[in-house]
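Some structures are shown below for you to check.
Next, two complexes with subunit A in common: one pairs it with subunit B, the other with subunit C.
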Partner chain A sequence: MAACRLVSWCLTVFTLLFLFCYRITVATDEIEVCTSRFWFNYRHVANTLSVYRSVKRLGIPDSHIVLMLADDMACNHRNPKPATVFSHKNMELNVYGDDVEVDYRGYEVTVENFLRVLTGRFPPSTPRSKRLLSDDRSNILIYMTVPLISNSFCRYNELLFIIDTCQGASMYERFYSPNVMALASSQVGEDSLSHQPDLAIGVHLMDRYTFYLLEFLEDIHPASQANMNDLFKVCPKSLCVSTPGHRIDLFQRNPRSVLITDFFGSVRKVEITTEPVKLIPNISEKDEKLTEEVMLTEPQKYVEQMPVAEIIHQIYFGTFERYWIGKFHGVSRISPEVRISKPYQTILFGGSVYKNSYRRGLSRGE
Partner chain B sequence: MGLLSDPNRRRALTSLVTRLNTPLCVLCYLVGVSWFMGLAFEPFMLRTYMSENAMGSTMVEEKFVFGERAISYTREFAGQKKKTGGMPVDWLVKTMKSRGLEVYTQSFSQTLPFPDEVKERYMVRGTNVYGILRAPRGPRTESIVLSAPCSEGNNNNQAVGLLLAIASYFRSQIYWAKDIIFLVNEHDLIGTEAWLEAYHDVNMTGLRSSPMQGRAGAIQAALSLELSSDVITSMDVALEGLNGQLPNLDLVNLFYAFCQKTGVLCTIQGKLQRNDWDTLPGYTHSLSTMLLMVLKQGSGHPQGDHGLFLRYHIEAVTMRGINSFRQYKFDMTTVGKLIEGMFRKLNNLLERFHQSYFFYLMPSLTRFVSIGYYMPAFGFLALILVLRALDLWVQLSDPARALEDGVSEGEQDSSPSLLSLATPVIICHLTGLALYFLPVLSQEMAIQHFPVSETEAVVLTAIAIYVAGLALPHNTHRVLSGAGTERGWRSLKLFSLLYLAVLLGCTTLINFSLGFILAVTMIPVAAFIQPHRSSKVLHGVALILVSPATTLLLSIYLYHELIEYPVSLLECWQHFLTAVSQGILDHHLYGSLLYPLLALFIYPCWLQFWNIVFWK
Partner chain C sequence: MASHRLGVAVFVLVATAILAAESEPNQVESEQLQDVGGSPDAVFSDAEGGFKTGDGASETVPGQAETPPHPVETGQADSAGRRVSIEVGSDRVEEPVADEELENLQAEFDLQDAPQQSEPVPTPRDHFAEELVIRPLLSGDIYTSFQFRTRWDTDLHRGKKVSHYRLFPKSLGQVISKFSVRELHISFTQGFWRTAQWGQPLLSAPPGAELWVWFQDSVADVDGAWRELTSVLSGIFCASLNFIDSTNTVQPSASFKPMGLGNVTEQRFLRYAVLPREIVCTENLTPWKKLLPCESQAGLAVLLKSEKLFHSSYHSQAVHIRPVCKDSACRETSWELSQTLGIVFDLHASGQSKREWSLFKMFSRTLTEPCPLASSSKVYVDVTDNPQGEELFDLSPAVSLQTQAVVLGDRRTFTVYDLLTPEPYGPTRSLNILLKWRQQVSVDMQRPVLHTERYVSGYGLQTGEINTLLYNSHPFRAFPVLLMETVPWYLRLYIHTLTVQSKGKENKPSYIHYLPSKDRQRPHLLEMLVQLPPHSVTKVTVQFERALLKWTEYTPDPNHGFYVSSSVVSAMVPSVVAMDTNSTEGRPLFTTLFHSTEESSYFMRVYSEPLLVNLPTPDFSMPYNVICLTSTVVAVGYGSLYNLLTRTFQVEEPSGGLTKRLANVIRRLRGVPAL
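Coming up: the complex of A and B.
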């Protein structure tokens, strides 16, 4: 029964662009995204919120987390315990609580917004809570793959993908960016299964892989020395029913030397020094120059659609867009009809004014 | 050259069709009938499964424990019903209001075309009482209905009692996303029809009703409850609706899943499931269950109050509690848990039922036959008509060949005029029109001249017109001269065969059971009749045996055999008369299409064949 349901859920995942659940965590900056709608996908929101809780416990503050939830389970009419989302029946742990900060909600959770968050292409008016403020020293963790994040924008140092979905291994097969490590809950041709139902609420609460992953993470504290090899062994086939897999060939370091807290926690290295450090000179002048620039710019018009096509051109200098979209989805099962719609293409010729404003946006906020 | 345009090849094909016509027809018939019989064989059937994702499995915790409260409501309701002599509207309104529902009443009145002797009513006046439980946090856009009929005597008191107990329990829960309407309707089907028409603001059957004051949004599903005892031994589910429409299979699967969970014995067509499908008794058991469903669906009569909801695209079933002589009984609490579980799952629905099948046959509660599997049975039968028509076409286009086959000599006319072909057709259809309109319109005249009641007058008029139609061929031939030629009857037969094929095809698409029953009986005889002097009597008798009226008689007989309550010939005839009157009443009261179809289309078509047998 659960398998049948998940098969159809998986088909929905692959055919409908907006219904897959994924989470991106940056070690110092984190994005939590869940795009699963409808009451019977309660467990995906519970998954996301549980991992959010775990990661917060390991030290990443809310100011560095962008949380995207596509549907409101806590306040759904069918929730017999309103304002709560439970992930574990026996522990009765309310992962929603009263200090959850949701930055993107409901219909704001779209592929376009997600790409904006990843690539930093925001309109100037976007509040800081909706931005991913990472740089070339951040470690990025992605829970379900959005494989096409290249390092050309100096957006990340190392990338860890964790995928909890059916046929998860197919997502990481297409990666080619450097410094990427990937874990998946199931191989190609297998389904990922849900874990436990709650009879009072009437839905499944968690998926198996995430459940055992979180059990593992419960034992991790900020000073833990557990490494990636332990993470690979998190859910054996006897518990998960599907066969989890991983990919480490693109990663430069040995997984044994990579600590879990490199990705899941916010561990700041402290260097003690007795010598004075010279700060950047003329910092006050630079500030004034920046504000002057802001005053002198003419009002920019916000173009309607995200210039994804422009990103393509900047990334690949003319690579054909369908190839990009194919790579973006990572699986050939995505129908080829899913592509950028026409308005995006027209923006390509939108003019240099727009291009410049975006460049400026990049250099300012990072 | 193409296959059909090359004259040699064409001649070869046509000779093949004419030579092998009879064996092919016989083969098709045998294949069609055995295909249908094979549908009940378990390895050929699919297991039922839940298609709707939103409903999921039965994982929900039922907490209903108020069986005793239901019984006390039952006693009160029975007392009040006896006191008021009908529906205790005020008591119901007061009780529902005290339980926290928004209560509204709706009064309606309907005049039947003639008095209904089965239920003894003529001018029906009644009131429906319904209470709406508003979803605590939801928008008021969708709703689910739980209905219990207020019947005469001591029937269905427990249904109303349980409905009230469930209403008070549901009121204290906060997880409802849809409004729930608790409906107590009077005069069963007429009351339900009045409520539905007023709710959806349509007027299809000439009912007069007071305006609807309270609404709850679009109805997603409905459950009709019939309980007449404090304890039950099993729960029966009735599926067939008006004009043979069926609810979505997911609703039936939901019922079965929760019966399994609460441990209640569940039956369909009153029969329990058996596990020995590979033995002959096991096979005949599932075959008889399927045949019962076919007969009920073919009659087009709604088998419960739910049958009228289906027309508005509201999936509904009727659940009947049966108290037989089994030892293990289930109390009201268990039935309440069953209903609670089903409602909690219906609550999770995001859209109307649309994932599972709408056209199916059920030889048992866990097995079903979908339309893709049962349609070929009819397809083979329709093929017989096409083959015969092809044969006739070939004969008509090649007169020399016709003379070889035909018995008559001489009289090699040109093709018969359109008049001589159209005349029998028009006269037959006029007879059909008379059969449709006259019985109801002329009942007053009939009462004046004969000492019969109105119902009997209507039924006997219908039968009289039916039989009078048999005398037609002798009369039409006197009117038209020179109409009796070989080509004449062949063209009439060709037209009739194609007409029958189209009729039965269209009927089968909407109501497979009705189409199949008519096809199995009429098609072989229609294909083989010929107006030859020697075998005229034989053909005539064969045709009478498959006429719609005889088919109805035989179906009633078969139905009583299958429910293991066999009837004698006289009782069968009484049932037949009742069925005719009920058919006419159903048509006027609820818009059932069986009587118009038979009177206006099938009967004239059959009369055309009758004309052919007596062709001179």
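Coming up: the complex of A and C.
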């Protein structure tokens, strides 16, 4: 059998799905106060997940998607159907799926973490799933439902920004980085409107713009030739009520020549080699050697889960210490027979409350 | 009163701080970012190095489920199913291992090709077993407990790197060897196990996420390793485990002992943390399923559909990794990975009031085949409460195979469906276990020997009291329990108010370990060994004061309250029948989690409810109110005064109003002089 190797040298496409949670700690003038926590913001999560579903369907693996969800809608106690998020009424399309991987969730979704993802500055132990592992050949799609300040970052080839929010156009007006294309669901001074209330779930399921975007993306397949001009037309004002806008002056290519799958999909090219590759196993030999070494060790034992006698006779303190502990804390109820283990010492000498008051006393004296 | 005044003062300070901070928050943030990214080059190089691995992973991922895969990939997908899962899992580990992976890849291909070239296949050194225990609870609910166990006869801590992984997930293997982990226990739980109604679970876990790890004694910087380990695990399990820091990590002195082999029990190598508010949902189950050799494609794991699993009263998934004896001589160690999943279904809540259970009703799937990689694949149904002659329920399909096992101090009888034999599948080639209750039973649930309750009492926002109740319902035996409480620093415990009372009398703990908290650095840790008298309730109370947080320390939804993690009660409970202290070989998996050394009692761990405590929360809209009020005062007060001072007053010439003009017209008509 001819061994074939999969060779992929496509442009990698990264997706950053971001649902912004506003924390009062990071207020700036540019940010509108808008929180996407809480149940009534179901549609924001549904928006984000529908784009997630589309890009995943078009071949981008989870390792290339950074998904941020500010609150748990799927397993929220108010959700009548747990572990689902629906984008269409009558519970037709479950965008949560059975194999979702959320990278940032809950309180992790902050402006700081979003900027860290964009700029790539992380604490050293940050796992790979929480980083945007892109390089200068990567296309990046950023989808947001709430506006944020822009930032310049040279870690991409081309960047597509989609913003579904009120006054969305105000967001991309400030962009100055090259090769950025931006789409917004509404102009300055306009609201972005929601779509489809569902009586069983009790909230609006989606925003209008993303609803029509999802309908458009559902028809896209990895080989489809739809281009960006089609994307600009997904939601005319008659459907959206607001006026969607886009900005292409920073972008080098003609939008007509940019395929949707450049950003939303990952098309792999496969080369088949006809020459067989010979693989030589040497695993079994290694294993035997290992076994011999291990055999020499002593028999081992399981530890007793609750060695009562051992616990009682842990480190024992004398009368002096017990006296002082009692004196400081009034632990008169703990009888002299009580064994007090070592960390009690910290109350004696290092307890923060006493240390601080002692210091305060000194400084007052000075 | 003094503290109230202090509180007001602090609010005012907070307000000024907010006003001050709001003026230039942008700069503060960018400075913070620069601080952390002090050496951006290093970070970038790391990311690039990792990127190669990620790229390698993407090669092997076949088209997504809905996508029609490429013609070439279709051929690959079946044979490379296992490999894919390894690669996907491993790409979350940050160590760049591109070369190793290639080697691994080649070895995999070789193993697949081997039979065709008719070469002898080396006997595998790893085994995989899966089992499902179904226990009807007398409350009408049903408890299903999955266990998937992978055992690997190798040493991950040897000098050379292990690069060939077969059944054991590579992502976890790399974590174990990189951080020198000796034992790792992690659980994610949604809902609370109601011990009083449901009895004891096979394996208990607190609500939220729990993580406890024993490190090897060769680790010098345990705290550093712990910090990195938590963030790596948060990536693997899609959870917010990176919120584990020094403020919620403790080193229990007695409550947790290694569950596997090992002689080192020094507590400085142990770390324990609980995140009581962690949500558990599909995104946690997905990576958990990917650790299985067959994923959810075959075997018992086909039942794991998230829509059904999360529509339940209780959901608890866990991963336990520990070194165990390879054989009864115990001269060699193996690594054991147990993945457990416990679910309690409540059919009354889901609208099907008929007391009738089936695999299809619970999981919307039936079993058709075992996992081909499994050496054992069994379904156990607990029929202890269904003795011959006075059946409470009917079980179909009926099989003759029954087994007895000692579980939690009690001898239970199980009907066994061995999925490796064709017998249980029947002519329809699918197994749908059906359990039909005969009559409306009202059997009184025997109270579990040990259970616990916890609540907060007191009023107001200044002080309160934590009450923990420990129930011993054994009629004549007393037994010792270890109670461990971890309380966050913002509840300041008054340890001198600690009381332990049983039957109205003081009960002196024979061991107390108390580590006071440090503000913003570490939590309180209180452990004590209490002897519970027979048939008694022991009440442990301790008072606390609520601290005022800094305004940045509040969560985005502070009015929800702050969670205090469950207290842990470890106990040696007297058992009804003699425990099996022999080797664990050949017994059902669920009986071998804790190794018992005594015949007369068994070890058990019980978790209490987590607490939800309200802290004094400032009104975060206060700055806005203050600005509005001040502006109003300024506008009205100062504005009118300024107006008065700067206005020039002039005597206005009377111009004559409309009435006057009318009057003059009338006067003129009358010939009288005008006004």
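Just so we're on the same page, the second predicted complex is superposed on the first by the 220 of 366 C-alpha atoms of A that agree within 3 Å, B and C clash if a C-alpha of one lies under 4 Å from a C-alpha of the other, contacts with A are read in each partner's own complex, and residues count from 1 in each chain.
Please note the rule applied: contacts are C-beta pairs under 8 Å (C-beta built on N, C-alpha and C of every residue); 3 or more make two chains touch, one makes a residue touch a chain.
It should be emphasised that the depicted structure is a prediction, and the values quoted were computed from it without experimental measurement.
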Open item on the list: Let me test your reading of the model: by the given contact rule, A:P82 touches which partner, first (subunit B), second (subunit C), both or neither?
Closed with: both
Task: If touched residues of subunit A are counted for subunit B and for subunit C, the larger one - done: C
Open item on the list: With both complexes overlaid on chain A, does A:P197 touch subunit B (first), subunit C (second), both or neither?
Closed with: first
Task: First, second, both or neither for A:R174, with subunit B first and subunit C second - done: neither
- [ ] Please indicate which partner A:R247 is in contact with in the superposed arrangement: first for subunit B, second for subunit C, both, or neither.
- [x] neither
- [ ] Have a look at where A:F40 lands relative to subunit B and subunit C in the superposition and call it first, second, both or neither.
- [x] first
Open item on the list: Going by the contact definition given at the top, which residues of subunit A touch subunit B in one complex and subunit C in the other?
Closed with: 1, 4, 8, 38, 75, 82
Task: Touch list for subunit B against partner subunit A, complex - done: 49-50, 53-54, 56-57, 59-61, 135-138, 173-177, 344-345, 347-348, 350
Open item on the list: Quick check on the complex: what are the subunit A residues that touch subunit B?
Closed with: 1-2, 4-5, 8-9, 38-40, 75-80, 82, 197-200, 202-204
Open item on the list: Applying the document's contact rule, which stretches of subunit C touch subunit A when the two form their complex?
Closed with: 22, 25-26, 29, 32-33, 36-37, 40, 42-44, 46-48, 50-51, 53-55, 57-61, 63-67, 70, 72-73, 76, 88, 91-94, 106-107, 109-111, 113-114, 116, 122, 125, 154-155, 158, 164, 190, 227-228, 231-232, 234-236, 238, 240, 242-243, 253-254, 257-263, 265, 279-283, 286-287, 305-307, 309-311, 325, 329-333, 480, 482, 495-496, 498-499, 506, 508-519, 529, 551-552, 555-557, 570-572, 594-595, 597, 603, 620
TODO: Within their complex, state which residues of subunit A touch subunit C.
DONE: 1, 3-4, 6-8, 12, 21-28, 35, 37-38, 56-59, 61-64, 72, 74-75, 81-84, 94, 96-103, 105-108, 111-112, 115-116, 119-131, 133-135, 149, 221-222, 266, 268, 270, 272, 277, 279-281, 283-284, 287, 290-291, 294-295, 297-308, 311-312, 314, 329-331, 333-335, 337-341, 343-344, 346-347, 351-352
